[in-house]
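Per-chain residue numbering starts at 1, and chain names A, B, C and D are given in the order in which the chains are listed.
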Amino acid sequence: MKRPLEPSAEGRGRIVGITDGVFAIALTLIVLEIRVPPHEAVHSEGELLAAITALAPRFLTYALSFLTLTIFWFGQQAQHGLIARSDRRLATLNLCFLAFIALLPFSTDLLADFLEFRVAVLVYWLNLLMLGVTLFASWWYADKNEMLAGDVDAETRRTVYQRIIKAQILWAVGAALCLFSPLLSIAFILLAQLVYAAAPRASLLRKFIG
Amino acid sequence: MKRPLEPSAEGRGRIVGITDGVFAIALTLIVLEIRVPPHEAVHSEGELLAAITALAPRFLTYALSFLTLTIFWFGQQAQHGLIARSDRRLATLNLCFLAFIALLPFSTDLLADFLEFRVAVLVYWLNLLMLGVTLFASWWYADKNEMLAGDVDAETRRTVYQRIIKAQILWAVGAALCLFSPLLSIAFILLAQLVYAAAPRASLLRKFIG
Amino acid sequence: MKRPLEPSAEGRGRIVGITDGVFAIALTLIVLEIRVPPHEAVHSEGELLAAITALAPRFLTYALSFLTLTIFWFGQQAQHGLIARSDRRLATLNLCFLAFIALLPFSTDLLADFLEFRVAVLVYWLNLLMLGVTLFASWWYADKNEMLAGDVDAETRRTVYQRIIKAQILWAVGAALCLFSPLLSIAFILLAQLVYAAAPRASLLRKFIG
Amino acid sequence: MKRPLEPSAEGRGRIVGITDGVFAIALTLIVLEIRVPPHEAVHSEGELLAAITALAPRFLTYALSFLTLTIFWFGQQAQHGLIARSDRRLATLNLCFLAFIALLPFSTDLLADFLEFRVAVLVYWLNLLMLGVTLFASWWYADKNEMLAGDVDAETRRTVYQRIIKAQILWAVGAALCLFSPLLSIAFILLAQLVYAAAPRASLLRKFIG
């Protein structure tokens, strides 16, 4: 007998649909804050070039958030690919993760507007932290409730936990650097994101980031 | 002979596509109203922290609407999973449901801006009510026109109706509380949403929310 | 040998994906213009109620555009379901159709802001006309190039043409009414959309709208 | 044993999902900059008509960007259809491509606001160039790492490279024309996009654009 909201293949497909939708919108929304300079303020080619150059912090934070979205898109996808069944709670955890993805354009704008303020770096880091927490929680829930695919061995289970924790340690170190300088902090986090996004094959780095 | 818009598997898949799209956008749009404080007004770390703290009502209503979207996403999905065929009218009812989902960011902003006004609470509640009405209507239509899957028994049919009505009773009680205080009203509705989203196993609660 | 962009099932699926995406966004964007009244202007429950009531034209045009989107979503879907193969030109025609769907939030806002102006009604009607033209062109192209499914008979082919033309005649009549009064025009178009969206079974109406 | 993020059919499907999402949003966002004239500035039918006519550059750049999005949507689709497997790096290259698609609404607005400035044309061209670069890089990566479908022959491989390069040469010529006049530059690029979008059968043109 069919009961509403039993775990099903359709349910799994819908999580994928809404996840990719939220990521696509977040990717596009972070660009919206790169505003075209007002026409009144520009009277020559030189002034237009200067106005566009002044947008540099926005392009920097755009790149940063784009990398962050990329990393978490892969993170969610890697997990999802190893989960065989899903129930309503796991789906809710996934939606919580999406809620923090949807907040990323806000944190990014804040950072772009207040690059020199520690509070802005900390809000951005808090956003990264909550993304890690929700991702960790959903893996933990799926693991405890035997929702993983049958051929996922103990090592892979551990690897997923470790990857999340290692990335969070890196970002926490990055955030702590804002005690010295918020810009140093951002540079460190940006570098960390670049390393993750490039998915290097160099064995030393690979060993660390898992 | 093929005729246009006969009920088909493709039609069912497209309702899913447009539904997940609207939910993904609504989830992201409610965040858009959490605006980064203007740079001119902030001169120190303390002022930035204060400006972000002042956004608290927005984060509260964001959480509220996120929970609401979660609950209705599951509600639509639960129904849809039990419906075997669809025609143009059922699809239209589903689009009406989406029209009120699309209005939710408006109701949420109104609530965030006018937390202390009863009218704002009532508009928000009216939005919730219309979501229930369209969901009820589409289930009723599918039920009457024998569009449910063959293995959906009478009890499941009733359960779906009851769940919608029970949730609406809870929200109506919540809305009525604004006679005493709009904030009490919001707190009650937020609590109700939390209970639904958490999908508790405790038998007493389960029995009530179905 | 595989060649790029040969007609394929994947290509068909992607047209569906981008179409549902654009419709979902258009549905949500038309709501964005329903703006929450500014907090400074509201000092009592009565004033808030008045401010919300003053948004009535926006809700009216929202309903109108929602119905329009519904009708064209079904129109595109009905056609697409009868087309077996697709090439790059047919896909381009479909994208042109989407370009005018994406313009609908603009036409709607214009109408809401200038309800009493004929020019606003004409721009809205022009948008409806171009949607019909692109839909007609893509059906005509698929028909001429034998891209329809094998079991689509001559009568169904004609029906699709006739439906598009009949709807356009209705809207042209509606637009012409703005010679008397723009509001009359809008009322007529709104009524026509309601009839289409409700998909009545009454034989007389059915006979006319096909 | 399952390992996270192994190349899979699901991974391929998700790239399609996020790609179509970003394109759908970009298509719709470029319209957002076509702003309804402010009500205060319009007192007669004539003034409204004039205000709408004044939006002409926006409609022109909308058409231009719509064509550009169309061309790159087909470009991405053509490539994707020939790639059998995907890994994380190929997916990252695809996301980089999407990052520049997401920037297109910005470049378009800049162009619409500063039609007469060379810097605006160059920024727009730079956006087109980066789209070509990321598309070229992902084809090159898939080619070198044997990720193409088995039945893709050497000629098809070459054709994909050549198409990207030929289009970039055309746009570079167009951009260079801004030495004479930015408007000439835009007219040339618009013409080039029209030719690509129309996908002519005329053998001479076909031979050139591949």
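In this text, a residue touches a chain if its C-beta (ideal position, glycine included) is under 8 Å from a C-beta of that chain, and two chains touch if they have at least 3 such contacts.
By chain, with names taken from UniProt: A, B, C, D = TMEM175 family protein.
As the structure is a computational prediction, the values presented were derived from the model and not from experiment.
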Fitted rotation between chain A (TMEM175 family protein) and its twin chain B (TMEM175 family protein) in degrees, CA, nearest 5: 90
Type of chain B (TMEM175 family protein):chain C (TMEM175 family protein) copy interface by residue overlap (half), same or different: different
Chain centre separation in whole Å, for chain D (TMEM175 family protein) relative to chain A (TMEM175 family protein) (CA means): 26
Cα-centroid distance, chain B (TMEM175 family protein) relative to chain D (TMEM175 family protein), in whole angstrom: 36
Residue list for chain A (TMEM175 family protein), restricted to those that touch at least two other chains: 17, 21, 24-25
Parts of chain C (TMEM175 family protein) lying in touch with chain D (TMEM175 family protein), wherever the complex brings them together: 1-6, 8, 10-11, 13-14, 17-18, 21-22, 24-26, 29, 88-89, 91-92, 95, 98-99, 102-103, 105-106, 109-110, 113-114, 117-120, 123
Residues of chain A (TMEM175 family protein) defined as touching chain D (TMEM175 family protein) within the complex: 16-17, 20-21, 23-25, 27-28, 31-32, 34, 36, 39, 42, 45, 48-49, 52, 62, 66, 70, 73-74, 77-79, 81-82, 149, 151-153, 156, 159-160, 197-199
